[in-house]
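There are two complexes below, and they share chain A, which is joined by chain B in the first and by chain C in the second.
== the complex of A and B ==
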C-alpha cells in the first residue's frame, strides 16, 4: 500500500469527508427546523440528519481506500468482525444496491447487467451491483476496488454466483463461508464446520492485509458488534410503545450502521444517540404517526423504490410498521456474539441468522414479533427477485391467521428493480387489507 | 333533518359506474358508461347529468371506488374496490358468504365478514388471464359477441384444452386451435372453463363456504358461473345488476 495514497486517503476520510458531511448536515438540520409539520407524521428524527452524514462519510472514505488500505467486498451477513482489526475498508454491495434502489438509479444498473447476459430473474441487488461494476457508474461517486471478496451463504445461495462474478470481473481473491441451512436448532457440528471456514477466512484476510490478527482485537471487534446489535434491538423495541415514537419505515434506513459499520465504535455511538432520542420522544408522548390506529409487521426486504409512497399510504390510514423481520434480523442474534471463544461465537452467530433458518423458526419469530409489538396484521412483501425470503410466505400467512389469529396480506413487488413493482396493484391490496382490519 | 343523497362512483378500468341512494335507502339513480381517460371530467359531467333531475335538497355525499377513485372530485370517502364490492354484495345478498368479482382488469374473491366487511380476499396477480379483459379480448379475436356465449357453450360437445395461464399466450393458443380446425364453440367452452379454473383457485385461497354472489361485468356470463359452481361445489349466482355493485357499495360507505 503506497504511503502517499494512505496519506491522501486518511486526509479524505478523516478531514474532507467529515467536513463535507458536516456542512451538508448543518444545511439539512436548518431545513428540518424550518420544515412545516406534515400531519399525521410526527416531527422527523434529528438523528435522520446524522444518519445521512454517517452514510456520506462512509462512502466518501471509500473513494480513496484502494491502494491505501486493504479493501474487502462482503455479503451483508459475512463475519466482518474478522476484518475490522486488520484495517480493512469494507464495501457492502447489498447496501450499495439499496442506496441505488432508494435513489432510483437501480433500473439503469440492472439493465446494464442484463445486457451482459444476467437474467432479469436474478436478485435485483446482484444485478444493480454487477451493472454498476460493468458500467462503471454509481450514485455514491466511486467504490474502491476489492482486494478480497467474502461471501457468506447465510442469506441465500445467489451470493455464491454473484461473488464468483465479482471475482471474475475484479480479479480479487474470493473466500466463501458456507453456512449449513438450519432445519431446527444449531448443533455443535454446524458450529465446528463454519468455525473452520472462519479460521480460513482469517488466515486469508491476514495474508491480503499483510498483518496478523490479534485475539484481543478480534474480541474487541466482537464486543463492539454485539453492543451495537443490542442497542439497535433496543431502538427497535421502542416501537412497542403505543403510539410508536417513530415511523417504522425509517428503521429500514436507520439499519445502515448495523450493516456497514458493524464491529466499529461509530455504530455503537450512533445507536446510543438514536436510542436516547427515541426514548425522549416516547417519554414526551411524541408519536411517529399521530393518532396511530393500525400497527403492522413487515416481512421481507423493503420496496426501496416505493418507500415514500408506502409511507404516505400508511400514514394516511394512521397505520405504522411497528416491526419488520428484516430490521429485527440484525439484532436477534446479538447474544450469540459472546457464545464461546471468538471463532465459535462468530460461527454460531452467522449460522443462526433469520434467512438461514427453517420456516417453523420464521413462523415462531413472526408470531412473536406480532404479539410483542401488538400488531394487528402482517404485510408480506413477496419479493420477485428474492426467492429465499419469499418462499413459504403464503403458508406463513395462513399459519399465522389460523394458529395466532393474526391476519396477513401478500403483496408482490421487488426490493430494488422498479420495473417489477406494480405500485397501484400493491397499494390496492395494502389499502384493502387495512380497511378489513377495521 | 334531511338526509342527503349518498352517491357511489366506481371509476373502473373499463367502465364508469354510479349509483345514488336516497335518505330512505332506495336506489334512485344509476349510470354505466365506458371509462374515459380523464376521470375527473367524466365524473363531474356524468354526476351532473345523473343527479340533475333528482334536485337534491342537500349536497350529496359522494364516495369513490375503483382504479380512478383518487381522481373523482369531492369524494368524502375513497374505499378500495374490495370494500365497496363486499358492502354492495352483502347489502344485495345478505345470505352470501363470498363475493366473486371479475372486473375488467382484475378478479377478486372476497370472504364476507360481519356487517359486509371484507374478512379476507385474494386477487389475481399481475397476469390478466383470469379477468374480464381476457375473455373480452379472446372473444373479440374470435368475432363472437358476449350475448352469443351462453348458447355457444351449451351447444359445444367438448371443451378445447386451453392450457396456458397467460392471457397473451392463450390468444396465440386459440389462434393455433382454430387453425387446426377446432370447432369455435369448443374453443369458447374451453376458454370459459380455463377462466373458471383460475377463479376456483382464487376462491380456494380465502377459505370458502356458503353461497357465492358474483359481481362485475363477467357475472353476466352464466356458463362461467356454472363452471365455477361445479368446481367449488358451492352455489354461485349473479348479483342483480352485477356491474353496479361496486358503486352501490361505495354509496353505502358514503355516510350513514
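== the complex of A and C ==
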C-alpha cells in the first residue's frame, strides 16, 4: 500500500469526510428543528441526522481507500470481525444497492447490468451492484476496488452467483464461507465445516493485508459486534411500548450501522445514543404515530423505492410497523457470539442467522415477534428478488393464522427494482388488510 | 400382497428425488427405485398457486404441484431434496415443516466452498448424515449391498459417459438417445443398464448428420426441443445440461477404494461443474469451452428455465467465453410448457441459419 495514498486516505477519512458530514448534519439539524410537525407522525428522531452523517462518512472514506489500505467487498452476513483487526475498509454491496434503491438510482444501474447480458430475473441488489461496477456510476461517489471478495452463503445462494460475477469482473481474490442450510438443528459437522472456512478466510485476509491477525484483537472485534447487536436489539425492543416511540419503517434505515460498521466501536456508540433517545421518547410518551391504532410486523426486506409511500399509507391509518423479521435478524444471534473459542463462536453465529434456518424456525420467530410486540397482523413482502425469504411465506401466513390466530397478507413487490413494484396493487392489499383488522 | 398404484408400483416403494444431484446409491442398496421429479412439463397449476408466489421457477412450481396433488406420496416412501438452490431448499422446508405433500423428506447439502479440504471433509460427513437419515426412515443399509449399489452405479456412469462421448448411433436418433439417458431418472438401475446396453449395441454413426452444438441448461425441454434442433440441421455435440451432462463423470472415474462411502464421495467429486454445486468463477467456463472445442461445435443453445438463478447468473459469462472461442449462441427461456412454443422453435431455426447448419 502506497504511503502517499495512505496519507491522502487518512486525511480524507479522518478530516475532510467528517468535516463535510458535520456541516451537512448541522444544516439538516437546523432544517429539522424548523420543520413543521406532520401529524400523525411524531417528531423525527434526532439520531436520524447523525445516522446520515455516519453513512456519509463511511462512503466518503471508501472513495480513497484502495491502494491505501486493504479493501474487502463482503456479503451482509459475512464474518467481518475477522477483517476489522487487519485494517480492512469493508464495502457491503447489498447496503450500496439498498442506498441506490432508496435514492431511486437502482433502475438505471439494473438496466446497465441487463445490457451486459444479466437477466432481469436476477436479484435486483445483484443487478444494481453489477450495473454500478460495469457502468462506473454510483450515487455514493466512488466505491474502492476490492482486494478481497468474501461471500458467505448464509443469506442465500444468490450471493454465490453474484460474487462469482464480481470475481470475474474485478479479478479480486474470492473467498467463500459456505454455511450449510439448517433444516433442523446446527450439527457438529456444520460448525466444523464453517469454522475451517473462517480459518481459511483469516489466513487469506492476513496474506492480502500483510499483517497477522492477533487473537486479542479478534476477540475485541467480536465483543464489539456482540455489544452492538445487543444494543440494536434494545433499540428495537422499545417498540414494544404502546404507542411505539418511533416509526417502524425508520428501523430499516437505522440498521445500517449494524450491517456496515459491525465490529467497530462506532456502531456501539451510535446504538447507545439511539437507545437513549428512544427511551427518552418512550418515557415522555412520544409516539412514532400519534393515536397508534394498528400494530404490524413486516416480513422480508423493505421495498426501498416505496418506503415513503408505505409510511404515508400506514400513518394515515394510524398503523405502525412495530417489528420486522429483517431488522430483528441483526440482533437475534448476539448471544451466540460468546461461545468460547472465537472461531467456534463465529461459525455458530453466522450459520444460525434467520435466512439460513427452516420455516419451522421462522414460524416460531414470527409468532414470538407478533406476541411480544402486541401485533395485530403480519405484512408479508413477497420479494421477487429474494427467493429464500419469499418462497414459503404463503404457508407461514396460513400457519400463523391457523395456529396463533395472527392474520397476515402477502404483497408482491421487489426490494430494489421499481419496475417490479406495482405500488397501487400492493397499497390496495395493505389498505384492505388494515381495514379488515378493524 | 403389497398394494400397488395404478402404475403397478408397490405403494411406498420408490424414493422420490428433486433435482439435481444426490447420492442415489443408498436407495439402490435399500432395494428401492429412485424416481426423480424434473418438472414435469405442461403440468396444469391448481393447488400450488396457494403456496408459491408468481416468480417461483417452473421446476419448483411443478414439483410442488405434483406433491400437493398427492402424486409423489402415492408412489414413494420418501422425498430426497438436494440443496440445489434457494427455491429447492424452500420447497424442502415446505414439505418438512408445513406438511406439503404428506411425505417425509431428507435433505442433502452440497458443499460449495472453494476450500478444498473443508469441502472434502464436509462431503464425507454429510454423506454419513444422509445415510443415517435414510436408514432412520427406510431401515438399515447393509455395507455389502451398498458396495454392490456403488459398483452398479459406477457401471451406469461408464456406459452413460460412453453414449454421450460416442454420439449418435444407427437407428437411435438424438431424441431417443436422450430418452435412454434420461430413463435413469425413473428406472431401477439394473433395468436402465439393460436399456443402455441395447443402445450401445448399435453401430456408432461414422458421419453423424447435423452441425454439432452445445446444449446447455437444466433439462432439454419443452418436449419437441431436440426434434426442433434436428429439424434445423443441428445435433447436440456437447451436453451441458444439469439433468444429463453435468451428472455423468466424464473423465476417468476414480478407482474403487473398497470403501463404498469413500467411493460415493469420490464419484461426487468427479462430476462436471454445475452452477448448482460449483462456485469457482472459472471452472465451468473452462469446462464448457473445452467441451465445445473437443466436440468441434459451431454454436450453442442455452435452454434456461424462467427465473432460474443458478443458470442465469453464469449465463453472460459462459456465453462470453464461448463467443471468445468463436462459438455463437442463442438463449431460449422455457416455462416448462406442454409443447414447444413457436417462439422457441423460431430461435432454434435462427441459430441453425446463423451457423450455416444446412449449408452443403
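Assume the second predicted complex is superposed on the first by the 438 of 438 C-alpha atoms of A that agree within 3 Å, B and C clash if a C-alpha of one lies under 4 Å from a C-alpha of the other, contacts with A are read in each partner's own complex, and residues count from 1 in each chain.
The rule we apply is simple: a contact is a pair of C-beta atoms (placed from the backbone, for glycine too) under 8 Å apart; a residue touches a chain by one contact, two chains touch by 3 or more.
Keep in mind it's a predicted model, so treat the numbers as computed, not measured.
Three-chain overlay on chain A, with chain B and chain C fitting side by side and no clash.
Taking the C-alpha centre of chain A as the apex, the lines running to the C-alpha centres of chain B and chain C meet at 70 degrees, rounded to a multiple of 10.
After overlaying the two complexes on the shared chain, residue contacts for A:320 are found with neither chain B nor chain C. When the two complexes are overlaid on their common chain A, residue A:412 makes contact with chain B and with chain C alike.
In the superposition on chain A, A:197 makes contact with chain C only, while chain B stays out of contact range. When the two complexes are overlaid on their common chain A, residue A:422 makes contact with chain B while staying clear of chain C.
A count of residues in chain A touched by chain B and by chain C gives the higher number to C.
With both structures placed on the common chain, the touch criterion links A:168 to chain C but leaves chain B unconnected.
Touch criterion met: A:435 reaches chain B, while chain C stays clear of it.
When the two complexes are overlaid on their common chain A, residue A:118 makes contact with chain C while staying clear of chain B. Of the two partner chains placed by the overlay, only chain C lies in contact with A:157; chain B stays clear of it.
Contacts of A:183 after superposition: chain C is touched, whereas chain B is not reached. Superposition on the common chain places the nearest Cα atoms of chain B and chain C 6 Å from each other.
Applying the stated touch rule to the two superposed structures, the overlap between the chain B and chain C interfaces on chain A comprises residues 412. On the side of chain C, the complex with chain A involves touching residues 50-56, 60, 83, 85-87, 89-94, 96-98, 100, 107, 109, 111-115, 117-118, 121-122, 125-126, 129, 275, 279-282, 304, 306-310, 312-317, 319-320. Residue ranges on chain A touching chain C, taken from their complex, read 116-119, 121-123, 126, 151, 153, 156-158, 160-162, 164-165, 167-168, 174-178, 180-181, 183, 187, 189, 192-193, 196-197, 200, 358-360, 363, 382, 384, 387-388, 390-396, 399, 410, 412. Residues of chain B touching chain A in their complex: 67, 79-83, 106, 113, 117-121, 123, 125-126. Across the complex, chain B is touched by residues 401, 407, 412, 422, 424-425, 428-429, 431-432, 435-436, 438 of chain A.
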